[in-house]
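To start, the structure under review is shown below, and the notes come after it.
Order of writing sets the chain letters: A, B and C. Residues in each chain are counted from 1.
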Amino acid sequence: MKMVIAVVQDKDSNRLSQALVKENVRATKLASTGGFLKAGNTTFMIGIEDDRVEGVLSLIKENCQSRQQMMAPMSSMGGNADSYIPYPVEVQVGGATVFILPVDRFEQF
Amino acid sequence: MKMVIAVVQDKDSNRLSQALVKENVRATKLASTGGFLKAGNTTFMIGIEDDRVEGVLSLIKENCQSRQQMMAPMSSMGGNADSYIPYPVEVQVGGATVFILPVDRFEQF
Amino acid sequence: MKMVIAVVQDKDSNRLSQALVKENVRATKLASTGGFLKAGNTTFMIGIEDDRVEGVLSLIKENCQSRQQMMAPMSSMGGNADSYIPYPVEVQVGGATVFILPVDRFEQF
(Lines give C-alpha, C1' and ligand atoms only; values in the text may rest on other atoms or scores of the structure.)
Protein backbone atom coordinates (compact mmCIF):
# COMPACT_ATOMS: atom_id res chain seq x y z
CA MET A 1 0.00 0.00 0.00
CA LYS A 2 1.06 3.57 -0.70
CA MET A 3 -0.04 6.97 0.59
CA VAL A 4 -0.52 9.39 -2.29
CA ILE A 5 -0.44 13.02 -1.11
CA ALA A 6 -1.54 15.43 -3.83
CA VAL A 7 -1.65 19.22 -3.49
CA VAL A 8 -4.03 20.63 -6.12
CA GLN A 9 -5.60 24.03 -6.83
CA ASP A 10 -9.05 24.59 -5.29
CA LYS A 11 -10.24 25.20 -8.86
CA ASP A 12 -9.61 21.54 -9.75
CA SER A 13 -10.49 20.02 -6.36
CA ASN A 14 -14.16 19.18 -7.01
CA ARG A 15 -13.44 17.70 -10.41
CA LEU A 16 -10.72 15.46 -8.98
CA SER A 17 -12.99 14.40 -6.09
CA GLN A 18 -15.68 13.31 -8.54
CA ALA A 19 -13.21 11.44 -10.74
CA LEU A 20 -11.83 9.57 -7.71
CA VAL A 21 -15.31 8.63 -6.48
CA LYS A 22 -16.23 7.38 -9.97
CA GLU A 23 -13.19 5.07 -9.91
CA ASN A 24 -13.98 3.98 -6.35
CA VAL A 25 -10.84 5.58 -4.90
CA ARG A 26 -11.30 6.94 -1.40
CA ALA A 27 -9.63 10.23 -0.59
CA THR A 28 -9.47 12.44 2.48
CA LYS A 29 -9.19 16.18 1.84
CA LEU A 30 -7.26 18.62 4.02
CA ALA A 31 -7.61 22.40 3.76
CA SER A 32 -4.20 23.78 2.86
CA THR A 33 -2.51 26.99 1.74
CA GLY A 34 0.71 28.09 0.07
CA GLY A 35 3.11 25.58 -1.34
CA PHE A 36 3.94 24.97 -4.93
CA LEU A 37 0.72 26.56 -6.13
CA LYS A 38 0.00 30.27 -5.91
CA ALA A 39 -3.77 30.12 -5.39
CA GLY A 40 -5.72 28.40 -2.59
CA ASN A 41 -5.25 24.67 -2.64
CA THR A 42 -6.50 21.38 -1.25
CA THR A 43 -4.38 18.44 -0.11
CA PHE A 44 -5.72 15.01 -1.06
CA MET A 45 -4.58 12.07 1.06
CA ILE A 46 -5.19 8.79 -0.74
CA GLY A 47 -4.35 5.33 0.62
CA ILE A 48 -4.11 2.95 -2.31
CA GLU A 49 -2.83 -0.49 -3.25
CA ASP A 50 0.52 -0.49 -5.09
CA ASP A 51 -0.99 -1.73 -8.36
CA ARG A 52 -3.50 1.12 -8.47
CA VAL A 53 -0.96 3.96 -7.95
CA GLU A 54 -0.50 4.54 -11.71
CA GLY A 55 -4.25 4.79 -12.19
CA VAL A 56 -4.56 7.39 -9.41
CA LEU A 57 -1.68 9.41 -10.89
CA SER A 58 -3.43 9.37 -14.28
CA LEU A 59 -6.63 10.68 -12.69
CA ILE A 60 -4.73 13.50 -10.98
CA LYS A 61 -2.91 14.39 -14.21
CA GLU A 62 -6.11 14.38 -16.28
CA ASN A 63 -8.02 16.57 -13.86
CA CYS A 64 -5.37 18.92 -12.51
CA GLN A 65 -2.57 19.31 -15.06
CA SER A 66 -1.09 22.79 -15.34
CA ARG A 67 -2.50 24.58 -18.40
CA GLN A 68 -2.83 27.94 -20.11
CA GLN A 69 -6.23 29.63 -19.94
CA MET A 70 -7.43 32.78 -21.72
CA MET A 71 -8.63 35.42 -19.28
CA ALA A 72 -11.19 38.00 -20.52
CA PRO A 73 -10.17 41.68 -20.49
CA MET A 74 -10.59 43.06 -16.98
CA SER A 75 -12.69 46.15 -16.51
CA SER A 76 -10.91 49.01 -14.79
CA MET A 77 -11.42 49.11 -11.03
CA GLY A 78 -12.53 52.48 -9.68
CA GLY A 79 -12.04 54.26 -12.98
CA ASN A 80 -8.24 54.07 -12.99
CA ALA A 81 -7.50 53.74 -16.71
CA ASP A 82 -3.91 52.63 -15.99
CA SER A 83 -5.04 49.27 -14.59
CA TYR A 84 -7.29 48.40 -17.53
CA ILE A 85 -6.08 45.45 -19.66
CA PRO A 86 -7.97 45.82 -22.97
CA TYR A 87 -7.04 42.41 -24.46
CA PRO A 88 -7.48 38.80 -23.28
CA VAL A 89 -4.40 37.39 -21.53
CA GLU A 90 -3.21 33.83 -21.06
CA VAL A 91 -2.74 32.74 -17.46
CA GLN A 92 -1.44 29.44 -16.07
CA VAL A 93 -3.97 27.51 -13.96
CA GLY A 94 -4.06 24.10 -12.32
CA GLY A 95 -1.08 21.91 -11.60
CA ALA A 96 -0.57 19.23 -8.98
CA THR A 97 2.32 18.35 -6.72
CA VAL A 98 2.26 14.68 -5.78
CA PHE A 99 4.23 12.69 -3.21
CA ILE A 100 4.00 8.90 -2.95
CA LEU A 101 4.96 7.59 0.49
CA PRO A 102 5.42 4.00 1.62
CA VAL A 103 2.84 2.61 4.07
CA ASP A 104 3.93 -0.05 6.59
CA ARG A 105 0.44 -1.06 7.58
CA PHE A 106 -3.23 -0.27 7.06
CA GLU A 107 -6.13 -0.88 9.46
CA GLN A 108 -9.83 -0.22 9.39
CA PHE A 109 -11.98 -0.34 12.52
CA MET B 1 9.36 5.68 15.17
CA LYS B 2 6.15 5.53 13.18
CA MET B 3 3.64 8.10 11.98
CA VAL B 4 0.10 6.92 12.67
CA ILE B 5 -2.44 8.76 10.51
CA ALA B 6 -6.01 8.08 11.60
CA VAL B 7 -9.13 9.48 9.91
CA VAL B 8 -12.03 9.35 12.40
CA GLN B 9 -15.57 10.73 12.51
CA ASP B 10 -15.95 14.10 14.21
CA LYS B 11 -18.38 12.35 16.54
CA ASP B 12 -15.54 10.28 18.03
CA SER B 13 -12.82 12.88 17.78
CA ASN B 14 -13.06 14.39 21.27
CA ARG B 15 -13.29 11.01 22.93
CA LEU B 16 -10.16 9.79 21.11
CA SER B 17 -8.30 13.02 21.97
CA GLN B 18 -9.03 12.53 25.66
CA ALA B 19 -8.01 8.86 25.58
CA LEU B 20 -4.71 9.76 23.90
CA VAL B 21 -3.96 12.53 26.42
CA LYS B 22 -4.72 10.12 29.27
CA GLU B 23 -2.14 7.67 27.88
CA ASN B 24 0.34 10.50 27.30
CA VAL B 25 0.21 10.13 23.50
CA ARG B 26 0.61 13.42 21.66
CA ALA B 27 -1.51 13.94 18.57
CA THR B 28 -1.90 16.75 16.07
CA LYS B 29 -5.38 17.15 14.59
CA LEU B 30 -6.08 18.30 11.03
CA ALA B 31 -9.52 19.38 9.82
CA SER B 32 -10.50 17.03 6.99
CA THR B 33 -13.48 16.08 4.84
CA GLY B 34 -14.60 13.20 2.65
CA GLY B 35 -12.67 10.00 2.54
CA PHE B 36 -13.72 6.66 3.85
CA LEU B 37 -16.25 8.17 6.20
CA LYS B 38 -19.44 9.84 5.07
CA ALA B 39 -19.77 12.45 7.83
CA GLY B 40 -17.32 15.20 8.77
CA ASN B 41 -14.06 13.82 10.01
CA THR B 42 -10.81 14.67 11.72
CA THR B 43 -7.36 13.43 10.78
CA PHE B 44 -5.11 12.54 13.73
CA MET B 45 -1.37 12.63 13.11
CA ILE B 46 0.49 10.73 15.82
CA GLY B 47 4.25 10.29 16.01
CA ILE B 48 4.95 7.27 18.21
CA GLU B 49 7.71 4.84 19.11
CA ASP B 50 7.46 1.45 17.38
CA ASP B 51 6.70 -0.44 20.59
CA ARG B 52 3.72 1.79 21.36
CA VAL B 53 2.01 1.43 17.96
CA GLU B 54 -0.19 -1.48 19.10
CA GLY B 55 -1.34 0.50 22.13
CA VAL B 56 -2.30 3.48 19.98
CA LEU B 57 -4.20 1.21 17.56
CA SER B 58 -6.11 -0.27 20.52
CA LEU B 59 -7.08 3.22 21.71
CA ILE B 60 -8.33 4.13 18.23
CA LYS B 61 -10.29 0.88 17.96
CA GLU B 62 -11.85 1.27 21.41
CA ASN B 63 -12.95 4.84 20.83
CA CYS B 64 -13.84 4.91 17.14
CA GLN B 65 -14.88 1.43 16.02
CA SER B 66 -17.71 1.30 13.52
CA ARG B 67 -20.94 0.37 15.30
CA GLN B 68 -24.72 0.24 14.98
CA GLN B 69 -26.67 2.89 16.85
CA MET B 70 -30.43 3.22 17.36
CA MET B 71 -31.76 6.52 16.08
CA ALA B 72 -34.97 7.87 17.67
CA PRO B 73 -37.99 8.41 15.39
CA MET B 74 -37.54 11.71 13.56
CA SER B 75 -40.33 14.25 13.79
CA SER B 76 -41.66 15.38 10.46
CA MET B 77 -40.07 18.57 9.13
CA GLY B 78 -42.57 21.25 8.05
CA GLY B 79 -45.57 19.01 8.43
CA ASN B 80 -44.72 16.71 5.50
CA ALA B 81 -46.07 13.39 6.76
CA ASP B 82 -44.21 11.46 4.05
CA SER B 83 -40.83 12.18 5.63
CA TYR B 84 -41.83 10.98 9.10
CA ILE B 85 -40.14 7.78 10.27
CA PRO B 86 -42.33 6.50 13.13
CA TYR B 87 -39.98 3.79 14.44
CA PRO B 88 -36.37 3.84 15.70
CA VAL B 89 -33.82 2.86 13.03
CA GLU B 90 -30.32 1.47 13.31
CA VAL B 91 -27.59 3.54 11.68
CA GLN B 92 -23.88 2.85 11.38
CA VAL B 93 -21.66 5.39 13.14
CA GLY B 94 -17.96 5.73 13.85
CA GLY B 95 -15.20 3.83 12.14
CA ALA B 96 -11.55 4.72 11.66
CA THR B 97 -9.17 4.41 8.71
CA VAL B 98 -5.59 4.12 9.89
CA PHE B 99 -2.28 4.29 8.01
CA ILE B 100 1.06 3.53 9.67
CA LEU B 101 3.99 5.16 7.89
CA PRO B 102 7.71 4.73 8.53
CA VAL B 103 9.59 7.72 9.97
CA ASP B 104 13.28 8.22 9.09
CA ARG B 105 13.98 10.79 11.76
CA PHE B 106 12.35 12.82 14.51
CA GLU B 107 13.47 16.19 15.89
CA GLN B 108 12.20 18.56 18.53
CA PHE B 109 13.40 22.16 18.79
CA MET C 1 13.43 12.92 -1.60
CA LYS C 2 12.01 13.34 1.91
CA MET C 3 8.77 14.68 3.33
CA VAL C 4 9.45 16.99 6.26
CA ILE C 5 6.37 17.43 8.45
CA ALA C 6 6.81 20.23 10.99
CA VAL C 7 4.24 21.24 13.61
CA VAL C 8 4.99 24.82 14.75
CA GLN C 9 3.20 27.44 16.86
CA ASP C 10 1.02 29.89 14.92
CA LYS C 11 3.19 32.61 16.46
CA ASP C 12 6.21 31.42 14.45
CA SER C 13 4.34 30.30 11.34
CA ASN C 14 4.67 33.48 9.26
CA ARG C 15 8.32 33.90 10.08
CA LEU C 16 9.09 30.32 9.03
CA SER C 17 7.06 30.74 5.82
CA GLN C 18 9.10 33.79 4.87
CA ALA C 19 12.40 32.08 5.68
CA LEU C 20 11.43 29.08 3.52
CA VAL C 21 10.39 31.29 0.58
CA LYS C 22 13.67 33.21 0.85
CA GLU C 23 15.60 29.93 0.55
CA ASN C 24 13.35 28.78 -2.31
CA VAL C 25 11.84 25.91 -0.28
CA ARG C 26 8.22 25.21 -1.14
CA ALA C 27 5.93 24.34 1.75
CA THR C 28 2.24 23.50 2.04
CA LYS C 29 0.56 24.61 5.26
CA LEU C 30 -2.25 22.71 6.98
CA ALA C 31 -4.39 24.20 9.75
CA SER C 32 -3.90 22.03 12.83
CA THR C 33 -4.64 21.95 16.55
CA GLY C 34 -3.42 20.19 19.64
CA GLY C 35 -0.36 18.03 19.57
CA PHE C 36 2.94 18.71 21.19
CA LEU C 37 2.31 22.42 21.42
CA LYS C 38 -0.20 24.02 23.74
CA ALA C 39 -1.25 26.97 21.58
CA GLY C 40 -2.74 26.97 18.07
CA ASN C 41 -0.37 25.52 15.55
CA THR C 42 0.31 25.08 11.86
CA THR C 43 1.59 21.94 10.15
CA PHE C 44 4.15 22.52 7.39
CA MET C 45 4.48 19.80 4.76
CA ILE C 46 7.75 20.18 2.86
CA GLY C 47 8.93 17.92 0.03
CA ILE C 48 12.69 18.30 -0.25
CA GLU C 49 15.72 16.63 -1.77
CA ASP C 50 17.76 14.54 0.66
CA ASP C 51 20.79 16.87 0.56
CA ARG C 52 18.67 19.86 1.55
CA VAL C 53 17.04 18.27 4.63
CA GLU C 54 19.68 19.64 7.04
CA GLY C 55 19.19 23.15 5.66
CA VAL C 56 15.43 22.95 6.16
CA LEU C 57 15.89 21.67 9.72
CA SER C 58 18.21 24.62 10.45
CA LEU C 59 15.59 27.05 9.17
CA ILE C 60 12.93 25.48 11.38
CA LYS C 61 15.24 25.55 14.40
CA GLU C 62 16.25 29.19 13.83
CA ASN C 63 12.69 30.40 13.43
CA CYS C 64 10.70 28.21 15.82
CA GLN C 65 12.98 27.01 18.62
CA SER C 66 11.40 26.83 22.06
CA ARG C 67 12.47 29.87 24.09
CA GLN C 68 11.75 31.88 27.22
CA GLN C 69 10.05 35.22 26.74
CA MET C 70 9.42 37.97 29.28
CA MET C 71 5.76 38.86 29.57
CA ALA C 72 4.91 42.40 30.70
CA PRO C 73 2.92 42.80 33.93
CA MET C 74 -0.74 42.23 33.17
CA SER C 75 -3.18 44.93 34.16
CA SER C 76 -5.97 43.72 36.37
CA MET C 77 -9.11 42.71 34.50
CA GLY C 78 -12.29 44.32 35.78
CA GLY C 79 -10.62 45.79 38.86
CA ASN C 80 -9.98 42.46 40.59
CA ALA C 81 -6.73 43.19 42.43
CA ASP C 82 -6.16 39.46 43.10
CA SER C 83 -5.49 38.72 39.43
CA TYR C 84 -2.93 41.47 38.98
CA ILE C 85 0.65 40.27 38.40
CA PRO C 86 2.82 43.30 39.21
CA TYR C 87 6.12 41.92 37.83
CA PRO C 88 7.20 40.59 34.40
CA VAL C 89 7.09 36.79 34.12
CA GLU C 90 8.99 34.41 31.84
CA VAL C 91 6.86 32.15 29.62
CA GLN C 92 7.96 29.47 27.18
CA VAL C 93 6.98 30.11 23.55
CA GLY C 94 7.69 28.47 20.20
CA GLY C 95 9.03 24.99 19.67
CA ALA C 96 8.71 22.67 16.69
CA THR C 97 8.01 18.96 16.35
CA VAL C 98 9.49 17.58 13.14
CA PHE C 99 9.05 14.22 11.40
CA ILE C 100 11.10 13.25 8.34
CA LEU C 101 9.41 10.59 6.21
CA PRO C 102 10.78 8.70 3.22
CA VAL C 103 9.25 9.48 -0.19
CA ASP C 104 9.10 6.74 -2.84
CA ARG C 105 8.31 9.02 -5.73
CA PHE C 106 7.54 12.62 -6.62
CA GLU C 107 5.50 13.92 -9.57
CA GLN C 108 4.49 17.33 -10.82
CA PHE C 109 1.73 17.83 -13.38
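Methods note: contacts are C-beta pairs under 8 Å (C-beta built on N, C-alpha and C of every residue); 3 or more make two chains touch, one makes a residue touch a chain.
Quantities reported herein were computed from a predicted structural model and do not represent experimental measurements.
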Interface numbering overlap (same over half, different under half) for chain B and chain C: different
Degree value of the rotation bringing chain A onto chain C, based on Cα positions, nearest 5: 120
Rounded Å distance between chain A and chain C, as computed from the means of their C-alpha atoms: 26
For chain B paired with chain C, centre-to-centre distance based on mean C-alpha positions, whole Å: 26
Residue numbers of chain C (touch at least two other chains): 30-31, 101-102
In the complex, chain C residues that touch chain B: 2, 5, 7, 30-36, 41, 43, 57, 60-61, 64-66, 95-102
Contact set on chain A toward chain B in their complex: 1, 3, 17, 26-31, 45, 47, 101-109
